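Read from first to last, the chains carry the letters A, B, C and D; within each, the first residue is number 1.
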Amino acid sequence: MALRRVRATARAGFEEATARWRRRPRPGNALNDRDLTRLRERIEACLDPRLSGVAIRNRAGEVADVVVALDRTGLDAFFTLLLESFGPRLDAVQRALDDTADVLAPIRGDRADPAGAMAAVAALREACAPRWEQLFELLCGLTGGVKLAVDLRAELLALLREHPELAPLDRDLQQVLSRLFPPGLLELRRITWNSPGSLLEKLIDYEAVHEITSWEDLKNRLDDHDRRCYAFIHPGMPDEPLIFVEVALLDAIAGDVVRLLDVSAPSGIGHEATTAIFYSISACQPGLAGVNLGDVLIKEVVADLTRDLPRLNQFATLSPLPGFRRWLDAELAKPDTTVLSAEDLETIAELTPDGATGPAALSALLAGGLTDTGPQHKALRELLIGLCVDYLLGDEPGRSRDRVANFHLTNGAQVERLNWMANATPAGLRESYGLMVNYRYDLSKIDAHHEQYVAHGHIARSSSIARIATARRKARAARAENH
Amino acid sequence: MALRRVRATARAGFEEATARWRRRPRPGNALNDRDLTRLRERIEACLDPRLSGVAIRNRAGEVADVVVALDRTGLDAFFTLLLESFGPRLDAVQRALDDTADVLAPIRGDRADPAGAMAAVAALREACAPRWEQLFELLCGLTGGVKLAVDLRAELLALLREHPELAPLDRDLQQVLSRLFPPGLLELRRITWNSPGSLLEKLIDYEAVHEITSWEDLKNRLDDHDRRCYAFIHPGMPDEPLIFVEVALLDAIAGDVVRLLDVSAPSGIGHEATTAIFYSISACQPGLAGVNLGDVLIKEVVADLTRDLPRLNQFATLSPLPGFRRWLDAELAKPDTTVLSAEDLETIAELTPDGATGPAALSALLAGGLTDTGPQHKALRELLIGLCVDYLLGDEPGRSRDRVANFHLTNGAQVERLNWMANATPAGLRESYGLMVNYRYDLSKIDAHHEQYVAHGHIARSSSIARIATARRKARAARAENH
Amino acid sequence: MALRRVRATARAGFEEATARWRRRPRPGNALNDRDLTRLRERIEACLDPRLSGVAIRNRAGEVADVVVALDRTGLDAFFTLLLESFGPRLDAVQRALDDTADVLAPIRGDRADPAGAMAAVAALREACAPRWEQLFELLCGLTGGVKLAVDLRAELLALLREHPELAPLDRDLQQVLSRLFPPGLLELRRITWNSPGSLLEKLIDYEAVHEITSWEDLKNRLDDHDRRCYAFIHPGMPDEPLIFVEVALLDAIAGDVVRLLDVSAPSGIGHEATTAIFYSISACQPGLAGVNLGDVLIKEVVADLTRDLPRLNQFATLSPLPGFRRWLDAELAKPDTTVLSAEDLETIAELTPDGATGPAALSALLAGGLTDTGPQHKALRELLIGLCVDYLLGDEPGRSRDRVANFHLTNGAQVERLNWMANATPAGLRESYGLMVNYRYDLSKIDAHHEQYVAHGHIARSSSIARIATARRKARAARAENH
Amino acid sequence: MALRRVRATARAGFEEATARWRRRPRPGNALNDRDLTRLRERIEACLDPRLSGVAIRNRAGEVADVVVALDRTGLDAFFTLLLESFGPRLDAVQRALDDTADVLAPIRGDRADPAGAMAAVAALREACAPRWEQLFELLCGLTGGVKLAVDLRAELLALLREHPELAPLDRDLQQVLSRLFPPGLLELRRITWNSPGSLLEKLIDYEAVHEITSWEDLKNRLDDHDRRCYAFIHPGMPDEPLIFVEVALLDAIAGDVVRLLDVSAPSGIGHEATTAIFYSISACQPGLAGVNLGDVLIKEVVADLTRDLPRLNQFATLSPLPGFRRWLDAELAKPDTTVLSAEDLETIAELTPDGATGPAALSALLAGGLTDTGPQHKALRELLIGLCVDYLLGDEPGRSRDRVANFHLTNGAQVERLNWMANATPAGLRESYGLMVNYRYDLSKIDAHHEQYVAHGHIARSSSIARIATARRKARAARAENH
């Protein structure tokens, strides 16, 4: 009868253990020379090739005990120690090159002995392995070590700015982490208002796109009726979301994020929804930069939503345009920008009280503030949307200028629609003159779009976006000819 | 309110998906030439360096769809295809060697540019990577792919006997799997009579040491009162035990496995127990051969038992001696064996009706059957135990002849006691003349024992075993001198 | 971080506690005079009206400690003690009658003071309450006490056969239990091969209709592909099924239980199923006799199946006819039975080699064994099915003679079809000459059928059964007129 | 493989269903005459004695559908309908009295036929049962009906203030609920920061003693290191706490609640704690008034804490004195109050600048505000504590004046210590001049204290409180004699 207690004990041991190496830097805890010497010995003890199993783990635990409490200066010393003393053993590389010279010869020659060549290549490869990689693997293999490694990489990335020479460590640590985060190991977890308080608190902390301002705001975003929230969880750090996405269930593609997040708005249509809007995707672990989780998350969420809500038939984002204004302002600052067509210049003249035209006039106009009304409103809206199409599609074929666009296009989405005054908050105006964009995931075309984009640089787009792009290209071409 | 349904849906999707690539070989499903060509194309599509994320996963899924249903002949063709077409790109290796010749020079010389050397080594290493490794990683990264990879390796190991040339694939597949099975990712799960029927059924299937003959036998082994059973579970294959250990709770070190497993015996002392006997450890996944899980399992089980039953202070195994009889019979077949001392020969003469002595006489005696009674019983028992000590400790320093001994000694245990007639079943007599051995885990010495053994070949032993070993060594030395 | 352990501790305490008062009768543990005196005192201590809460619970626990270990003789003494010493306090009833005479007068008279009358009635009611009821409630309120009370009632029911005077205790204990088993408190749990071994073992023990012969048989019945099994669980005895139903998923209403249970038969159509056959319903707790759980179970299972398998549109049982042969044999033993029509007699004459007719001839014929072949087979089949219709529908309006029929008819099912040779096992032939019946649950008519049956004694039937019944009624009426 | 989904479906059905009859009053939804007539018919349909099982449940569901949406005026009409039309059937009572007159005679006489008398009493009892009780039981038996019944009783209690004639309904509804809330059915759940957000939100709503001002305050109260929080959960309303207690782990009995709740205070001694302080107990369901859960909660929490933290050896509350100031002010308003002894009067004279004495002087003094310093502080502190001892212990033997004291004394606690300035907030000063009290639970004496208190009115106290009480009693007696 005591089952649950004992089984839980085993599991609870795991829970507690995963917290053992949670980073707790002690300010001022750098490494003095004696500490460094001892740490070097401990690392050597870890990497003793004669030992194995539990013995090695115990030694790795001793290293972790030190590292967990280091402040940034201490970590700098730790990483430098690794770089200088625990890289590839160059003498072994040398030996491998010497030993295998004969066998490698066929590579250059007739390949008479492919098996021998293969063995030689394998030996050479092994000799080239840096020893720090093995330490990283040992740390990851500790119970709770995955989180430690992720946090160490976050620190390493921060240090890299000042210490670019640490890059080799980062490349290998990212590699080690990538191998431990294959999508098949991740749990897709639905987050609701019934999820643990400790997890909910982390959503508030990690939300990177549209800040969660209160627990009430959070509750609204988790409202089972017309919202969904999903996260990926890794079994080695079960209390931590890796990345999460917030979804609104609607009856059409949304174009206004402020209305979407309004806590006081009446609840939406819920289970009758036809459209799922992914309005926020936040990565939670800086130490996993470069480990791509977002595209699998979107795919699995679409699958789960489809199973759960059979009427859903449209999936799209409502996304920011983080670099639009910066790009446009820079473009307009060039007197001879090619981004404006003859028609654009006419529009600008019409919009300006004194008939001034040219990029500077548009700059002045935009700096004066945008409104959603007035007779000129429509003309300005179309001009700005057109310029934003230029921004997004850029000089195709190639990658989009916009990093969010690049993310969704790589995932196989298409540019669907641009939305005027979609984020009319000060932040939204500052970033993109209030514009937001929908990227659409058409399940039957994701794969083709992905390949077109990553292999050929073709950007998928809706017919309306295509129409704008074509018109603007022609207009610009006409103007260029006229010049 | 629908929380549990939806969350479970997400999770259930995972459960179902993990079953998707469970091996289901269709007899006769080898690969014909057209299949092979198509499979090669699919693998190439997987490894297209321009693609990423979901697109790659979809392509890897298509490869898995083929592989999952291949029979052994088909797998042979698949692995041969990998070996021949998806190894390291030798031209890239060549290029790396050429390109980096200059930078590698310092390795041989003054190391003036360590960063450059390091970069060159890293580039060389990358060029040496076989492409099949990437495929293995992609398969492991599918939901349910870990089990597929484990099962593929089991098949590969079986094929290796006839096709040793596939060894490079095996080495890399083992490597890929090892990296996905760090101890910190495993769940230690207590197995009880309340565990799922599907899991219990697998224990019956996998028990490798002492066969579980019925569900009643199993229930007896899971009796919460005086038994424990623990398994490691990997998050990527949550329905499968990786390895499990069966423990009896007693008040002294047990020496008789038949009594231990007797279903009709009254229940033991339970929570008052002072001694935990690990009487069976079974690895469940042949595809994980070489991935060491046993030592961490024993360590974590000891920790959990200690937490749960504070009176426990002794941990030992009751283990078979799988090679003892084979070794002894071979030894006795040599007329000039050095394993018998002068005293041994006297004992043999006394035990034999007609006073015959020498190895052949002992062979005849042993072949005649052993009993637990009779006046000569004690002399024979001591002789056989002495010979078994010789067998286990062998020509120290070095590794033990016995593979089970080698496992526990590597884990840091010591040879504690030999037990006469401990397994008097026909199988037990056939294997080890009925002898069994206890290996003892003394928590305060595990680390030291491990290091002494793996680094120096010293075998830890109890004082009584040490006494026997010393006496026999002296006696043999004396006889050798007399010769 | 220790959350799970501590929370589980609290819960595990519950699990352990529910086992505390699991019946463990010690043979020979009757109650001697001293024991009885002490037990009486303990019960009095429980019922002390001044005490409350934990104090009362502790005292009730002391009573439970005694009762849990009593053998049947001891229980007899315990129940007799309750009957004789802990019934309604007759003096209090007397007092209530005296005290309230005046206030009760209005009941007989003009009802001028309804509030006063109501208060008087309430006081009278309270005085009439037997004290044993309060003890039963206290026992049920112990952690684990629900199972104790259920088990005590099972014993009481067994004792009742010899001690009918204990009936008042039984009536009140059933009442107390009924109030604790409202359907809304029960958990509908799907049982699968992944359910706990301890629960699966109980299914094997409790299956009352078609014995489960092995774990393999059980596994076949839980095959997720084309089987379902559901149980009700009560939160106060969470390890015990109360009642369970086994369901087969098919594409038509099944008529042969042997084929249905064949372990070696290929798997059925699974998720494409249109028809769910409830082929076994087993109540697990004899102590809950009279507490109706079956009808709610069927209703909730139908609801869950419908949600899970949207193609399902037919729900029926495949049920035994436990009293059919006994009834028919008895009927045929009467020379002047009215159950046979003139046409029946003709059929019998044709079936009998020597042309003998009449009930005795049919008896002889049936006793000779039935086969599924032969020219006469069809005639006999129709005769027997017709007689079985008579058996089931009886002398409508009224309740069916068959207890299983009565259960399903009360639940709102209709008699759908009779199946010849549906259970051709020796047991099936012995019980019902191999016949089985389908009762059909038509969701849109359940309520109407229930009311028609329980209020008016009308038995719902399919059109084919109705046709047989009408034909036989007319034939019998014709014969009766002819007489 | 689809296990978890399907099983969860069944369970999720339950979760959703429990929400079906969550009260959603529609403002203005009273009952007009036609509604009332239809509701009466529905209730009659429920109580049709011929129907059973699912049919009855469906009808009860129809009644619930109406009731769930009624506003308070509608509920008033509903309850009045029950009172007037669904009470005990007086004619049946009459008939039972008539029918059983003869058999009841022996009650008054020689009791020659105890079985007959018992049967007559049982019949009489049954006739006296009001029909509304059966309706209440049916509502409770719906899935989710328990919460509906609890909420209806909360409304009924509110209505009672204006409609005391509804009391008979309340008595029976409380009775029905009490029977469904035996302690053995409740789950003791540890609440932590990992508990569901929806549950945590309810703690904030329900906390009745020391308001939880923010999520951060709540997190602090759930800090695993030195806090504990437990709730009782009923299986029929699994999302709702019934009652919860907040515990602080300390190394001595705490006397200052403000410091205890200070979010910014450093964490306490945690697992080394010797003392558990129950500083807040909040009942969450007004509809369960009179159903005692607190004492079992305290007992089970003490048991769980002891298991979890073996060093704990002291359990006490830190409790408010809700009526102290009101009582004292009233007492001092009487010029001839007997609560002050001659010594008290002297103390007052010394404390007052102008040497005024008597109750009015003390009133003035207290109204002037209390401080924790000054030379007179100690004298005033002792006087006030003495008066509070008078307040708590009152005119023993008997019940304490203080309702919180009465709760803990009934549970078997003792008055341990009074704490000056323990709650120096405006609310604390307003209620009890800042005083708080510790009640101590001495596990070995709980039962004896309970019995002494409830049966004899003796109030258990620590030796220091006893000393104060004795001194004050003597001093008052002396003054009385002097008069």
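Convention: a contact is a pair of C-beta atoms (placed from the backbone, for glycine too) under 8 Å apart; a residue touches a chain by one contact, two chains touch by 3 or more.
Quick caveat: nothing in here was measured; it's all calculated off a predicted structure.
Counted as hops between touching chains, the shortest connection from subunit B to subunit C is 1. Seen from the C-alpha centroid of subunit B, the farthest chain centroid is that of D.
Look at where the CA atoms of subunit C average out and do the same for subunit D: the two points lie 40 Å apart. Chain centres here are Cα means. That of subunit A falls 60 Å from that of subunit C. A separation of 53 Å divides the Cα centre of subunit A from that of subunit D. Residues of subunit A found to touch two or more other chains are 1-3, 7, 9, 11, 13, 194. Subunit B contributes residues 1-3, 6-7, 9-11, 13-14, 48, 50-55, 57-58, 87-88, 90, 93-94, 97, 104, 107-108, 111, 115, 117-119, 121-122, 124-125, 128-130, 137, 140-146, 165, 168, 171, 179-180, 182-185, 187-190, 192, 194, 224, 230, 235-236, 292, 295-296, 299-300, 303-304, 307-308, 410-412, 446-447, 450-451, 454-455 to its touches with subunit A in the complex.
Subunit A makes touch with subunit D in their complex at residues 193-201, 215, 219, 222.
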